[in-house]
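Only one structure is covered here, and it is reproduced in the block below.
Going by the order they are written in, the chains are A, B, C and D; count residues from 1 in each one.
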């Protein structure tokens, strides 16, 4: 549907609009973006729009079937769990825990990563090699093991495990940012900045960061998908969120005992975690291919 | 490349299909049976434990006792002791022992002589004499015997000749015989103990057991399985099963899954929620048995604010027992009024029922000086037992009930063995646990749970030591006349209701799910299950 | 006889904004044993033509031609695979950066042996690897590399550009091609190896009668080493013919400007005199002028130049311009 | 040149190892509870024993001496006693460790056998229907949470179809003496009569956990091979090879494959620590008696010496694997040697 162009005017669109055009062209990525924004909205608005109080136990409505099966009630669309709490509002509230906390973890990890990555990237010689080796160490410890150690020291709890995941994601970020910074430092326009007398900080602020923030977002999306999976896994193992909180991983672990009576109690949180991670991955992939396509032409 | 891939897939596929048919598997496997237990045993010597999980796994399989209990009537039957005589003043007992009873022949020890009197004296002197070489081995605590204050009861155990033993007591005790019939009083091998002492590894007596029971110990992989082989010269006759494996599966859903995929033949404590589902399946059946047990919520009476009776009564009023019965027991249990189950002959029928009344609870709290409530933790045991199928779920329910009266409760749980260790050191505020009877005697409920000697040995969950409660249950033991003992127990139950050291919640039926191919496995209402008569058809 | 005959070949690039015509209806003919030059500023599409001939362009390029015949055989009718087979057998190509056009992780010996086709070997199959090795050594000696042993088991990144280019030539002549396309072979080399390279190409041309298509943007190296010449501007063929005739008497204003801008061709250039340069710059592919693409920059551009000029012929001197320098139709 | 490279590598590894032991050492202070119990692992320490123990574990000296004492205790295999079983931690680890290695190696093998061909196929036929199908499935498999994926497989294959068992390495009725710790070789070496049935049963027990664990590495392998192959296809030396007249398959096989697969080896090293995390989760779900389940039990029991031991052994494994993939990468890739 090429626009009819009467006058032959110059059309140099900024890199961002080009990126958006490439991104728009991939339908899967757009679908991912829609799902991602749905989850984002759910995370922010969950406390307001949940039909029932997620922690209100209703003793005479135990293990109600979801509304689409015959004995289900319509005001409990997804039925209730074995303590009589409405499953749908627990799932919505769960979005704030699993999705929301994952976002917070990735942002924290990103900021720390930028700080450390910049230090590692800008410094040369011994200092940068020290940074790399310390990160290689952090990279060797699997995230679950890190979580176990932190839980052992601080005790289980949602916020303790976010520390564990943040530390687990950090090495990926710092490695990625350090490589990105060192690549941009090789560019000529950085040398030009230096010649104009820019200090390290100005080079970082004006030359390097604006050029790598797209790469950062792609890394952030990849990290977000691992963060969601890790939070759900830690919740499932009982190291992360504790019993009454309605984090998705914990809900699957609770519903495990009713695997025959209420299979939907396991299926629903699982589908939501899967959808959240899929949306993040679709957006991440879409961004990556858009950047590649933009670089090609 | 793709061709190479395909050529790799074909052999793997065929191997899988081949697995469907079972060619000639040797006898030890075909006649082997798998019992899925809900937790790992703490030790292989019943004297040293009270937890039902361990008793189920070891006592009836490896050992025999002097006397046994008839599951139907609760009467005492002769086992290793063919018959027994009581002196007139009721203070000395004579037991004549069964001849030609062989101990186990295993890889690590083979006995030279049959069972005789010094095995009995060794088993009980180990508990009584603190200077006995084996007394201190492995920590030196014998919770059940200490809780029933056996040390001050039994003066001496003497072997008059090779097959008669004499017990001298300090005072007449009507529950002595039933205590000898409990699983804790299993007979060990003196010869094996002497051999281990010589080797200098006495603690192996409790880790690699030797007994006279139907199976002998082959192998134990911690938290995985215990493997028993058949004891060929068992005195009641060789069992049908050649191999018995206790598969340790703490997770209830996994245990149920293993039953449905026939990886387990018998499963302990199936989840109450799934009982309906199992009865519909043709290949699996459920056995149920009303058994003497009680699930309760005990407060640590030494820790403020639980040392105040008003607070304990308020918490009792705040709990909605009917909701718990529906959500946790799924209606397979009856509401408990007092510690004793209704089936016990000393049950107090017209004791007033504990009502669910949050308003009164708030008043009591205000009276006790806590108008805006306080913070406490509820310890929920992670393992599923017959008296409490899902303590974590029950704790969550109570958490919501307590929140209504302003009490902020948090749920705490650890792995089963460290959970019990921390409980016996009274680190808890309150705990959801329970007790299953080992014999028909009501004293088996009061003494191990609420007596002062139980408080020292760590098995009194309420940490409650009340002198006049103690002398009530002691007097009950002195007379043998049933009517008089019942009157003491009635006043004892009334006293517990006033002091409320613990809130009894429910008496649950005991369930066991097994595959239809397995026969001869019955639930023993008192103490551990026995696999001696089990048979597995193909 | 004519080896390669291409009529009206256009190459277009699919871009999101639509089709861009990079090369616009060019003709190219190469006879046996002839050395033809292809000159044009960078971005005029000369390497595109070479890659189009050899068929290594990726899917986003669309090539259409009226006639594309090789040694009398019209390739358009054949399937893509058969075209590939014929061209692969008879045409060889060498590139600008030799070190980057060799597999970085494969030793030189392996890449050399790989380029020796089986048809060249006579001995039976078990003697073949030994014979291949002997042939490879012979090839290296032919291109002037004495110490073949060190070269064999080293990797491309360890060798200087000059040696890499020689190895590329060795690989090219391994299959005794009829035509060798040299796409700016000397840009990455220093001047000494440049002269060596041209001498090598000239010797192959005389000894084996192998015709060469030399693509370059330096007019004077092409002028010295080629017999015939074609000049390209923004994808349009502006002039073609005998190199000497063109240099002596350029008909197209762009060729004239090219020749004037090379100091060696201006013997009467006084010192400190400003060098001649065509004003303006080459338009980008997206904004090509209609008609004659030199239009806006041409010194004697007129109204008619809006129509794309047709290729006209003066004996064997072709030019496409409405107003050639020598005036209309002698 | 290679020797210099090895020296630098060894220095890096030793530095990381030292940093790791410092972390493990500091843990016994960070963990709640009395330091002496955390270091020694004895749950009941009688008062008169306390003094001799403090002297033995050098807790009274400066931190540095304590660290050095800790280090040579670690090196000669004395890792303290596990709280729950009062057995030496090292012996328990040695008992459970091979099971995890077995599961992880089968998963890696599966990811190689499946991942690389599919990745190449997806790269070569990128825009064909199959190419897009493979990338779609990889994206989905990459985003499925592993524990939920395991539950689904169990529900399908074990409960409804009843074809595969749900847990364990082999049916408990089979009494297999452990010689190497790996199940299949153990069966082969053992002198039991029913060897073939035991192997079949072990394979049936191995299938589901291996497939579940292999999902993540396979998707990573496919994505990475596809991306690196696409990058290689853009390279100019592929164009020259095509121009040389080699057939399409020859070009791909000789030049494309090798250049594409080299970075994949390095990628395995980086992904190995995530593989261990997933292995731990798989073990918990399939109650596979490996180090993952052992570690998770030890966190439930607050078994601090065991956690320390687990941290050391797992991190050393990951370091060794990283080092191996690094060395393999430099051996095969001349370009890396140039750097």
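Basically, contacts are C-beta pairs under 8 Å (C-beta built on N, C-alpha and C of every residue); 3 or more make two chains touch, one makes a residue touch a chain.
This one's a predicted model, so the numbers in the text were calculated from it and none came from an experiment.
K.L.:
Of the chains shown, whose Cα centre falls closest to the middle of all protein Cα atoms?
P.N.:
D
K.L.:
Pick out whichever of the two, A-D or A-B, is joined by more C-beta pairs in contact.
P.N.:
Pair with more contacting C-beta pairs, A-B versus A-D: A-D.
K.L.:
Averaged over CA atoms, how far is the centre of chain A from the centre of chain B? Could you give it in whole Å?
P.N.:
48
K.L.:
Can you work out the whole-Å distance between the CA centroids of chain A and chain D?
P.N.:
Averaging C-alpha atoms per chain gives centres 25 Å apart.
K.L.:
With chain centres taken as the means of their Cα atoms, state the distance from chain A to chain C in Å.
P.N.:
52
K.L.:
Averaged over CA atoms, how far is the centre of chain B from the centre of chain C? Could you give it in whole Å?
P.N.:
Chain centres of chain B and chain C, defined by C-alpha means, are spaced 93 Å apart.
K.L.:
Using the touch rule from the top of the page, what residues of chain A touch 2 or more other chains?
P.N.:
Correct list: 256, 259-260.
K.L.:
Got the chain D residues that touch at least 2 other chains?
P.N.:
159, 300, 302
K.L.:
Could you list the positions in chain B whose residues touch two or more of the other chains?
P.N.:
Where chain B meets two or more other chains at a single residue, that happens at 251, 257.
K.L.:
Residues of chain D touching chain B in their complex?
P.N.:
43-44, 83-85, 92, 113-114, 117, 120-121, 154, 158-159, 162-168, 171-175, 193-194, 196-197, 200-201, 203-204, 207, 287, 289, 297, 300-303
K.L.:
Can you list the residues on chain A that touch chain B in the complex?
P.N.:
55, 57, 59, 62-63, 82-84, 242-244, 256-261
K.L.:
Tell me, which parts of chain C touch chain D in their complex?
P.N.:
Chain C residues touching chain D: 51, 54-56, 84-85, 87-89, 92-93, 95, 97, 100-106, 114-115, 117, 155, 157-158, 168, 171, 175.
K.L.:
Could you please specify the touching residues of chain B with respect to chain D in the complex?
P.N.:
1-2, 5, 8, 15-16, 18-20, 22-26, 28-29, 32, 34, 139, 218-219, 221-225, 227, 243, 245, 247, 249, 251, 254, 257-258, 260-263, 382, 414-415, 417-418, 421
K.L.:
For chain D, which residues count as touching chain A in their complex?
P.N.:
Residues 12, 15-16, 19-20, 23, 27, 30-32, 139-140, 142-148, 151-152, 155, 159, 270, 273-274, 276-277, 280-281, 284, 292, 295-296, 299-300, 302, 304, 307, 310-311, 314-315, 318-319, 322 of chain D touch chain A in their complex.
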